[in-house]
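Dropping the structures in below, format is structure tokens.
In what comes next, chain A is part of two complexes: it sits with chain B in the first one and with chain C in the second one.
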Partner chain A sequence: MKSIKGKASSSPPDTPAVSPSRRSSFYHPAEETFATILDYYGIEWEYEPRTFPLEWDERGNVIEAFSPDFYLPQQDLYIELTTLRPKLSTKKNHKLRRMKELYPEINVKLFKRKEMRDLMVKFGLYEQAAMIAGTGAQNQDK
Partner chain B sequence: MPAKTLADYGELAEGVGEILISEERLRQRVAEMARQISLDYAGKNPLLVGVLKGVLFFMSDLLQLLTIHAEIDFIAVSNYSLETRKRGMVRLVKDLEIPIDGRHILFVEDVIDTGLTLNYILNNLRSRNPASLEVCVLFNKPNHRLIEMPIKYKGFDLPDRFVVGYGLDYREKYRNLPFVALLKPEVFRG
Partner chain C sequence: MPVITISRQFGSLGSQIARESADLLRYRLVWRDLINESALRAGAPGAALAMIDELGLLGISLSKREVQEFRKALRQVMGELYKEDNVVILGRAGQIILRGKRSVLHVRVIAPAKLRAERIAARHQIAYENALAQVKASDENRSKFLKRLFKIDWDDPLLYDLLIDTSQLDVTQSARLITQAVTSLPGKKHAGVLS
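== the complex of A and B ==
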């Protein structure tokens, strides 16, 4: 499983905080944007560092699992981003519910499509916000 | 005098939807906050620190309602954008003019959502050894929070919606609305 980390303070000042090799590891452009925002504000992050088993078959094999997109170690907080339209995010909502049942001590925050759009607008990323609002967003989500 | 309607705000009202917090409610809540701060900081001559530009309205109204001596100063930080990102990390683009070593600092903010900017600023201020450092925020958006921090004085919890007015802007517009309102969806599409 891949796991990449970020910390803006180690980035050269004249280059984007997320290096090309790390950039290629993201599933969705919104994740890369989120990582660059965290880097900009000096917040340590890890990308999909842990997978939580959610369902097992009768032999004990894991048949469903959840890997939150980001972990912020200083905040002990997992972040899951989604650009899916609400009616298409049933599976993700189910996983988050199971997470809370099985791992109540783990803090997971979900940034939904609208919250992602608001976040992009807040940081002046109007084109990215428009992409999330567009129909393409639902196809790019993992 | 009859209450104002949206039409009374001319072009400023274009794109504005539902009003969430009226002028009157804002005035009342700021007055309540000012009363509490005046009690807590009596005799301490606090320095109120704000971040430009959104806090201007709140800072001005709050300061006028305090019944204690207080000083103000402002800082400005580089906002995240594609351009500033190329130049590295967040940084101060305007520093305080008043030294804060040993002072009682009340950091005054219009809105806290992710907490990213505030976290950076508080760490910066803390490193200058103030006697105390507390946070006063008018609008709190807890659903967006990434960095948790204690807030001593809080005006309103805002819903998980994009709002404008009383210092809050959308693309530098609508700051000067005297109330807090939602924008119509077509504004974001345009």
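== the complex of A and C ==
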């Protein structure tokens, strides 16, 4: 299990601050971009801190599980990033439905990452935007 | 004792002014805890992110039910803070929720968009055009969110007792104006101002 975290701002910045890069720690460039946005806003986060079993075989072994990309402790919210590719989207939606059935007390929110890069470029966050390597990155997934 | 609400534009120095005012008055500064707590009580954790995401980077959309529940919880939490006293509430629609309440000072901190963009560009070492895009996005998103939540125009000067334009005044001068204004409020007794 990975254990990288982002810290919350202790006091309100007039404009948010960006923390140093942790590029090597993430599975996908979009995840690092998302973490950078959270840092930018001073939101505390944990990366893939927990795995939720979703299906078991007859012996009780876990055969399907779900590890949301981020957990935001101050909001008590899990975040999963997704692309718009229909096949992957359907698979993730199935997992989310199953999560709701099995763990109704857990809050999970799905984020589509397609527009993040464009917005970051628009706002001058070039270094962060460069972490999403164009459309190639959009097509990758776990 | 009084409560101060401070509404501010992105890059207006409003956050620093809120901090310095709270320090001078020895008040507690309440900032993001308020929306996190409200969102948790509302069972709508996305609402907290939507309020934080002032540049719209996360593209969060809330359902009607989430908005209603969040609004209700925000009123509840802010009402508790009002009873607590000696609090500076930064943002979060304090000027609406505590409107008309006794011993509450509503402050608005503004500055021209050009100046705010210059400050942001200098702080983050980004191009002026990008900083201006941030300023515009923030203004638009904050305005839209408050309109959706409370159907108000946050630029309406009648919502505020004190408007501070930081193009001429610095953080300390602005904080001192606030402390002077709040100590002259009728009603509750004062802790006193640090000199």
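Side notes on the structure shown:
Here is the rule we use: the second predicted complex is superposed on the first by the 98 of 142 C-alpha atoms of A that agree within 3 Å, B and C clash if a C-alpha of one lies under 4 Å from a C-alpha of the other, contacts with A are read in each partner's own complex, and residues count from 1 in each chain.
Note that in this section a contact is a pair of C-beta atoms (placed from the backbone, for glycine too) under 8 Å apart; a residue touches a chain by one contact, two chains touch by 3 or more.
These figures come from a predicted structure and were not determined experimentally.
Contacts of A:Leu77 after superposition: both chain B and chain C are touched.
Look at A:Ile37: by the touch rule set out above, it reaches both chain B and chain C.
Touch criterion met: A:Met120 reaches chain C, while chain B stays clear of it.
Contacts of A:Ile106 after superposition: neither chain B nor chain C is touched.
Across the superposed pair, chain B and chain C both touch chain A at residues 8-9, 11-15, 37, 40-43, 72, 75, 77, 109, 111, 115, 119, 122-125.
Interface residues of chain C facing chain A in the complex, by the touch rule stated above, are 8, 10-16, 18-19, 29, 31-32, 36, 39-40, 45-46, 48-49, 52-53, 55-60, 90, 119-120, 123-124, 126-127, 129-131, 133-134, 137. Partner chain A is touched in their complex by these residues of chain B: 79-82, 84-90, 113-114, 116-117, 119-120, 143-148, 160, 162, 170-171, 188-189.
Remark: chain A residues 8-9, 11-15, 18, 37, 40-43, 72, 74-77, 107, 109, 111-112, 115-116, 119-120, 122-125 touch chain C in the complex. Looking at the complex, you find that chain A touches chain B at residues 8-9, 11-17, 36-43, 72, 75, 77, 79, 109, 111, 114-115, 117-119, 121-126, 129-130, 133.
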